[in-house]
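Order of writing sets the chain letters: A, B, C, D and E. Residues in each chain are counted from 1.
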Amino acid sequence: MHVLPYLVAAYVFLTGCYGLATSRNLIHTVGCLAVCQSSTYVLLLAVGYRDGATAPVFSDLAPGSRPVVDPIVQALTLTDIVVGATVTALLLALVLQIAKRHGTLDPDELRELRG
Amino acid sequence: MADAVIVVALLLVAASATAAVAQREPARQALVLSVLGVVLAVLFTVLQAPDVGLSQLAVGSALTPLLIMLSVRKVRRQARAKDRAR
Amino acid sequence: MTGRTTLLAVGELLAWWAGLALLWLVLVSSVDTLERIVGASAAAVGALAARAGRRAVTWR
Amino acid sequence: MSQRLRLWLLAVGGAGVAALLVAACLDLPAFGGRRHPYGERAVAASLARHTANTIASLNFDQRAYDTLGEISILFAAVLGCLVLLREARDEHRAQPQPAEVALPVRRYALIALPVALLTGLYVIAHGQLSPGGGFQGGVVAATALHLLYLGADYRALERVRPLGVFDVCDALAVSAYAVLGLAGLLAGTAFLANTLLPYGTFNTLSSGGTVPLLNAAVGMEVASAVVLLLAGFLDQAVEIEEERGS
Amino acid sequence: MNGWLLAATVELGGAGAAALWGTATGPLPRRVMAQNLATSAVCPALLLLAQGYGRPSYVDLALLMALLGPVGTLVFARLLADELLDDRPRAWTLTWAAAGLSAAVVVAVCVATGPSRAMVKLLLIGALLIGGNVIASRALAGGFRGVRGA
């Protein structure tokens, strides 16, 4: 149990990389990149967790009454998710441009079109 | 007891990530990605990160699937237009 | 805009505003004056959006 | 580079990375440990400034400069998307046909639109108290607007969504964030320092100094950025067609 | 031994895993139906977690899930309309079962919180969830006939 979250994060990252390397459709590649990114969220939040602790949000909790989880990794993960969404959108826009210019989404066919 | 729910959420995330990568067709992958977003939001709640869970819910269950599905539709319309033109 | 349609429009906006202000009070945990002001303005924005949405859908 | 050779390379590289990752994971401190030195200091700083949500205090007060970088990334990415998704010379805009949608679905969309918009504004406004903030609320508010497209048709959405206004809102919000930072400079303290406004009473809407203002600016920016982003994609998917095609 | 967390674990392990399996395999109509049920299976779990951890502020998560889940399903129903034309996804028994499950969970959590503003919020979340779930199923079953995916 002590190392499971880190192993799950590593597993999701490697699965995403496998999908990226062997993808035959660029939109599928963007999806696999999103999976890769979600592994970083899992790793960051697993590092910040504390047994028996609660979230450091004191709207319904007296400060100091219960141990709290590390808020810094949560702020980093929040930024990560928002930038991840914008990167996905930009990549999809690029994919649409490739589909319009080259008429195909298969990376192998794209490589042969050069020259 | 709190650990059991963490283990279940982690296994669900691993399973949906594998399913998302294994699914080669983009439209079906968008479906699995939206379920991955939902399960990630549950994992973040279990790891006591409600802010992150909220943003994953907002981005993962509505925005990303809509973007992917619109791209799939555009590519399909282009292919259909090219067939008609040929 | 004859008298009747403005009356209808204002009635609809007020109905949506009241409903959304009530919804805001349900969502909020503690209520004070600033909370009511922000809630009232948010409900006003919601009411305008609701009416604009209905008109956009029904307008042919 | 035949297909088989690439798969072999991937397998070898993947196995190497996997071995290193597992070795690293075994050395990481145990999951759920008690030592979080930076976390305690962040919580103390956030409570000192009467901000109930420590993550909002981190994002908009202690690391406000990073968030300025982040919203400029968002702004630049949306700008890039709009440039890429513009209508090219050899394309024309076809008028989207009115879609015939089942009545309960349309009625649900018309009811859920204001409720989701209000929830988005609630999540933005209470960013520095309960879980939520500018980012999450902005995305929810923008998605709420697109219920019109889902519940009716694209023409209905175009009537409600004047793109020029959202362009201006996007630029205004980013500059509002930067101006709030400069106000810190003018007041004699540092850029984006949270010393302008009094910190107010704990756990109320006006607590946290400039955190709620920065929160609202980011909420407005994210909402208009997502609307512009989806407008670009929707135009491509629904309206713009190749010239030689249909 | 926190009963709420146990219930959330059982719900996630059972309904969550089944919805994931349904989304990942099988014909397209069943996949879209499973994605719809994934939302209405996980939202009650979030309510149970909020009650189990003793943090009423986590209820905002379930509120957002109840709002955005059906919107996600409407996106798929709308943009896959032409593919779903021939074989309509009809699983009304599953939909009503999920609605019944969410209703039971909402009532249980309401009883635990007692009559107050929080209880009204819970009832609102329950109404949004069940309404959204039923409307999403209605949209899947044939809401977008004349749309041709536009």
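For the reader, a short list of remarks on this structure follows.
Convention: contacts are C-beta pairs under 8 Å (C-beta built on N, C-alpha and C of every residue); 3 or more make two chains touch, one makes a residue touch a chain.
Keep in mind the model is a prediction, meaning the values are calculated, not measured.
Looking at chain B and chain E, the chains in contact with each of them are A, D. At the far end from chain A, in terms of centres built from Cα atoms, lies C. On a Cα centroid basis, the chain most remote from chain E in this structure is C.
For chain pairs C-D and C-E, the one joined by more C-beta pairs in contact is C-D. One inter-chain figure worth recording: chain B and chain D are separated by 17 Å, centre to centre, where each centre is the mean of the chain's CA atoms. With centres taken as mean Cα positions, chain C sits 38 Å from chain A.
Rounded to whole angstrom, the centroid-to-centroid distance between chain A and chain B, based on C-alpha atoms, equals 11 Å.
Within chain B, the positions touching two or more other chains are listed as 2, 23, 30, 48, 50-51, 53-55, 57-59, 62-63, 66-67, 70-74, 78, 82. Looking at chain E, one finds that residues 53, 55-58, 60-61, 63-64, 68, 71, 75 touch two or more other chains. Among all residues of chain D, those that touch two or more other chains are 53, 55, 109, 115, 119, 123, 126, 130-133, 135-136, 139-140, 143, 147, 151, 203, 229, 233, 236. In summary, the structure contains touching chain pairs A-B, A-D, A-E, B-D, B-E, C-D, C-E, D-E.
The part of chain E that touches chain A in the complex is made up of residues 53-58. For chain A in complex with chain D, the touching residues are 1-7, 10, 13-14, 17-18, 21-22, 46-51, 55-60, 63, 67-72, 74-75, 78-79, 81-83, 85-87, 89-90, 92-94, 96-97, 100. Against chain E, in their complex, chain A makes its touches with residues 54-55, 57, 59-61.
By the touch rule above, chain D contacts chain B in their complex via residues 53, 55-56, 123, 131-133, 135-136, 139-140, 143, 146, 226, 229-230, 233-234, 236-237, 241-242, 244-246. Looking at the complex, you find that chain B touches chain E at residues 1-2, 4-5, 8-9, 12, 15-16, 19, 22-23, 27-28, 30-32, 34-35, 38-39, 41-42, 45-46, 48, 50, 53-54, 57-58, 61-62, 65-66, 69-70, 72-73.
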